[in-house]
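Sharing a structure with you now.
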Amino acid sequence: MTRGFYIGRFQPYHNGHQQVIDEIIAEVDELVIGIGSADRSHTERNPFTAGERIMMITKSLAHIDEIVTYVVPIEDINRNSVWVSHLESMSPRFDVAYSNNPLVIQLFEESGTEVRQSPMFDREVLKGSVIRKKMVKGEEWRPLLPEPVVETIEEIDGIERIQRVGDTDSVPLG
Amino acid sequence: MTRGFYIGRFQPYHNGHQQVIDEIIAEVDELVIGIGSADRSHTERNPFTAGERIMMITKSLAHIDEIVTYVVPIEDINRNSVWVSHLESMSPRFDVAYSNNPLVIQLFEESGTEVRQSPMFDREVLKGSVIRKKMVKGEEWRPLLPEPVVETIEEIDGIERIQRVGDTDSVPLG
Amino acid sequence: MTRGFYIGRFQPYHNGHQQVIDEIIAEVDELVIGIGSADRSHTERNPFTAGERIMMITKSLAHIDEIVTYVVPIEDINRNSVWVSHLESMSPRFDVAYSNNPLVIQLFEESGTEVRQSPMFDREVLKGSVIRKKMVKGEEWRPLLPEPVVETIEEIDGIERIQRVGDTDSVPLG
Amino acid sequence: MTRGFYIGRFQPYHNGHQQVIDEIIAEVDELVIGIGSADRSHTERNPFTAGERIMMITKSLAHIDEIVTYVVPIEDINRNSVWVSHLESMSPRFDVAYSNNPLVIQLFEESGTEVRQSPMFDREVLKGSVIRKKMVKGEEWRPLLPEPVVETIEEIDGIERIQRVGDTDSVPLG
Amino acid sequence: MTRGFYIGRFQPYHNGHQQVIDEIIAEVDELVIGIGSADRSHTERNPFTAGERIMMITKSLAHIDEIVTYVVPIEDINRNSVWVSHLESMSPRFDVAYSNNPLVIQLFEESGTEVRQSPMFDREVLKGSVIRKKMVKGEEWRPLLPEPVVETIEEIDGIERIQRVGDTDSVPLG
Amino acid sequence: MTRGFYIGRFQPYHNGHQQVIDEIIAEVDELVIGIGSADRSHTERNPFTAGERIMMITKSLAHIDEIVTYVVPIEDINRNSVWVSHLESMSPRFDVAYSNNPLVIQLFEESGTEVRQSPMFDREVLKGSVIRKKMVKGEEWRPLLPEPVVETIEEIDGIERIQRVGDTDSVPLG
């Protein structure tokens, strides 16, 4: 039995993430999806709460029945040297981690955990920062996200939120 | 569509919790199970990590297909007055909370959230503190837990852990 | 110009506190009232929020016009060795501190701040723990508090709150 | 009875803030002035401690006797989703919040609190960042602040402080 | 080259600790002494600051020239599952840990670190809690501590401190 | 007896630091070297853990036998107004602090501690940020560091670490 761990911030969960998971599914029996910076929300970089992201992901994975999936929020701990231990305590035990982030890879390798580069798809467009910018500017963002994510964002008035906090003046009490 | 929220520490998840969930299922369309004190572990009162508890619960709910379930760890925030907001940010939105804990009920009510007493079953025995005491003393604890929980605890050598940290001297660096 | 600092938790603010302040007023030109453990609430030991306590005290001091008063919440910092610096950063500068708490006296003295024993009045009855116990038991508590405190507590349903969280079972998620 | 809440960092409290409060006074019976980022000090963006800001504001409001005012420091909590709850626990209950900050407006609206745009006066000059820059450069800043604020800053050698920490090299241990 | 790690709170450092270190010296080439709960002070259980404890230990080890020693304060992190990582990030890398505390042993073993029971000497008397009680009661404590520790405690008026905070009433703001 | 305190981040400890300490030695009887931002690691600005930096410094000071030295990690506390108290609680008492950082100088002076400008040597090259840049680019860095620091960095694969986390993309989960 192999359990994988795939970490991201998922701001928002998009078609690129979905494709990555479709690939990973072939390699593992169970998959934990870790939602990083779970305590962050209402900023341009992290507009959605952990709860909203859990819903986006769970609904988007509803069709997967080949393997067991877990969706786990991971709060920031602000000490790189204990981040892997923190994450491990919040997750079912896993055998291999998936990430393309150099710091994440470095931290997992130093802790002795196997880490694999996750595949990437169309990174010019399928990238959180690009999609959030489209949302702020009022450009078309819906085709880049799984249908249940679009529904979640509309239900919570997510575009209005990101447009407001994305204003150049919107540092808290700035 | 009604979404419920059921909060506990689940140290460990036992047959009483399972029965409560079986009851709640009839009342809601989706259910979030919140794991409180998610950052606590390795003490007599909180022996198991959040990750271990996620596994116990997810495996025990595998047979439920009537409704969608979410399992969400909730770290302590140590300020009662913001606890409800904290919990709400970590969870998909819910309509009704289930708890028997007086403080939890008070906090939800003050925040304007509907809260229902969760049903209780055989509280003399099906109670975390009673079950943990049996584990420490080496008494029979297996029949009180769902089978997947027993397996998880055995896989992680959970009894040895609780027996060690349950020693009267085991305050850290005591 | 002499500015005094009087620190307490004020759970709740009672006639004993009021008498202490009446005495201190004769010795100083301005007085800062520091509300300790400002981040605590909804427990038997700390039932009221900082905001509720600010209101209790400000209303009870409304008649004082001899001196300028400040009411300042002080959150716990959980490191005794920096507590005085923390408190000083939250308060207008002061010349003398008033307290009867041995730890508070010790910390101020080590930091080189003058500290005076605050006078005490009828400590058998005019004591937070005694008054809270009366509230929990449903005994008469009103005569022990200034009128504006009674009004504040009734407005927020404070007795119901302390009776609930004061139950023996009301540890969070116990 | 209407109680308002006006939040800012007040680094420093200036004539623009004073004018805003003069306007708000006509709309409310009581006003809470919340000092944001109360735990920050000794940086270019946040030069003054909460205690110093409390003194600036309380002295500047001494002439107001139409309404009751409260001055309350609010420490940062670094989780946008619980910031409103945190602030509410530190403040007497209020009916309407005043702010022009888009994030603050968004958070209050999501929590169901009425929020009004506060009026703004001569924002080219009466703006904290502009005034702090003048202080760092040694330009004339006194006419932009109420007299008691000028006195407080001079008493604490505030200009020397901001000029030092405002140096380009003054990140801590840079 | 073998480096050992010996962890304790050292409240205060006493002859029992000194004897343990004399034994460990024979087994390692370098030794790290970790001072646990470094952020605690001014309580009956943790009367001395980390800085005071560093001085006690460094002076008491001055005669050791067989091996290199390091004295490292370790702040509490309040999450058992990351405590070993936290400690490792604060210490030079080590090969073996020494402790008799069941929780410490459990945490090191789960993390895969070799841990050895440290030898114990005359635990009826040479025990922090026993020595602190003697200090509070004014009984003879000097013979139980290395000479440099006695000097440090006298220099800082340590007995007066522990007697004050050791009063039954000395919970902060109690 | 005069004890000095010299604070830096020492990312990494280099020949400039070594020369500063050689100068300070002539002025004091004992010297505490405080390692700031001890909880930071694995970033371009703070690549090395506190434990690694303790080792770099202790080994580099091994030849000093004129005076007693202490090497003490100081975690960030993120409140400038309590930073001096925090640092003092972690360190043996000292009489004079050495620093060139404007904020550090300001904080010590406000707290009444004597602070001296530390001498500086060849700041064009002997500067942490310059040396780290060389490491990232693969330029020659060894001649700028004491021999034991070079050994420590090589033992922990430090160059690989800083090159990875120094990538422009390496914000955590970016």
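A, B, C, D, E and F are the chain letters, set down in written order, and residue numbers restart from 1 in every chain.
Rule of thumb we're sticking to: a residue touches a chain if its C-beta (ideal position, glycine included) is under 8 Å from a C-beta of that chain, and two chains touch if they have at least 3 such contacts.
By chain, UniProt protein names: A, B, C, D, E, F = Nicotinamide-nucleotide adenylyltransferase.
None of these values were measured; they are calculated from a predicted model.
Common neighbours of chain C and chain D, by the contact definition above: B, F. In this structure chain C contacts its sequence twin chain E using mostly different residue numbers, the overlap staying below half. Same interface as A-E, judged by over half of the contact pairs sharing residue numbers, among the pairs B-C, C-D or C-F: C-F. Rotation angle relating chain A to chain D: 120°, from a CA superposition, given to the nearest 5. Centroids of chain A and chain C (each the mean of its C-alpha atoms) stand 45 Å apart. Averaged Cα coordinates give chain E a centre that lies 25 Å from the centre of chain F.
Per-chain Cα centroids separate chain B from chain E by 36 Å. For chain F, the set of residues that touch two or more other chains comprises 39, 41, 49, 79, 81, 88-89. In terms of inter-chain touching, the protein chains here follow a pattern that is not a line, ring, star or complete graph.
Across the whole structure, chains are in contact as follows: A-B, A-D, A-E, A-F, B-C, B-D, B-E, C-D, C-E, C-F, D-F, E-F.
Chain B contributes residues 39-43, 49, 161, 164-165, 167, 169-174 to its touches with chain E in the complex.
Contact residues on chain B toward chain D in their complex (touch as defined above): 77, 79, 81-82, 84-86, 88-89.
Residue ranges on chain A touching chain F, taken from their complex, read 7-9, 36-37, 78-81, 83, 101-107, 110. Of all the residues in chain A, the ones that touch chain B in their complex are 38-39, 41, 49-52, 54-55, 58, 62, 68, 70-73, 75, 88-93.
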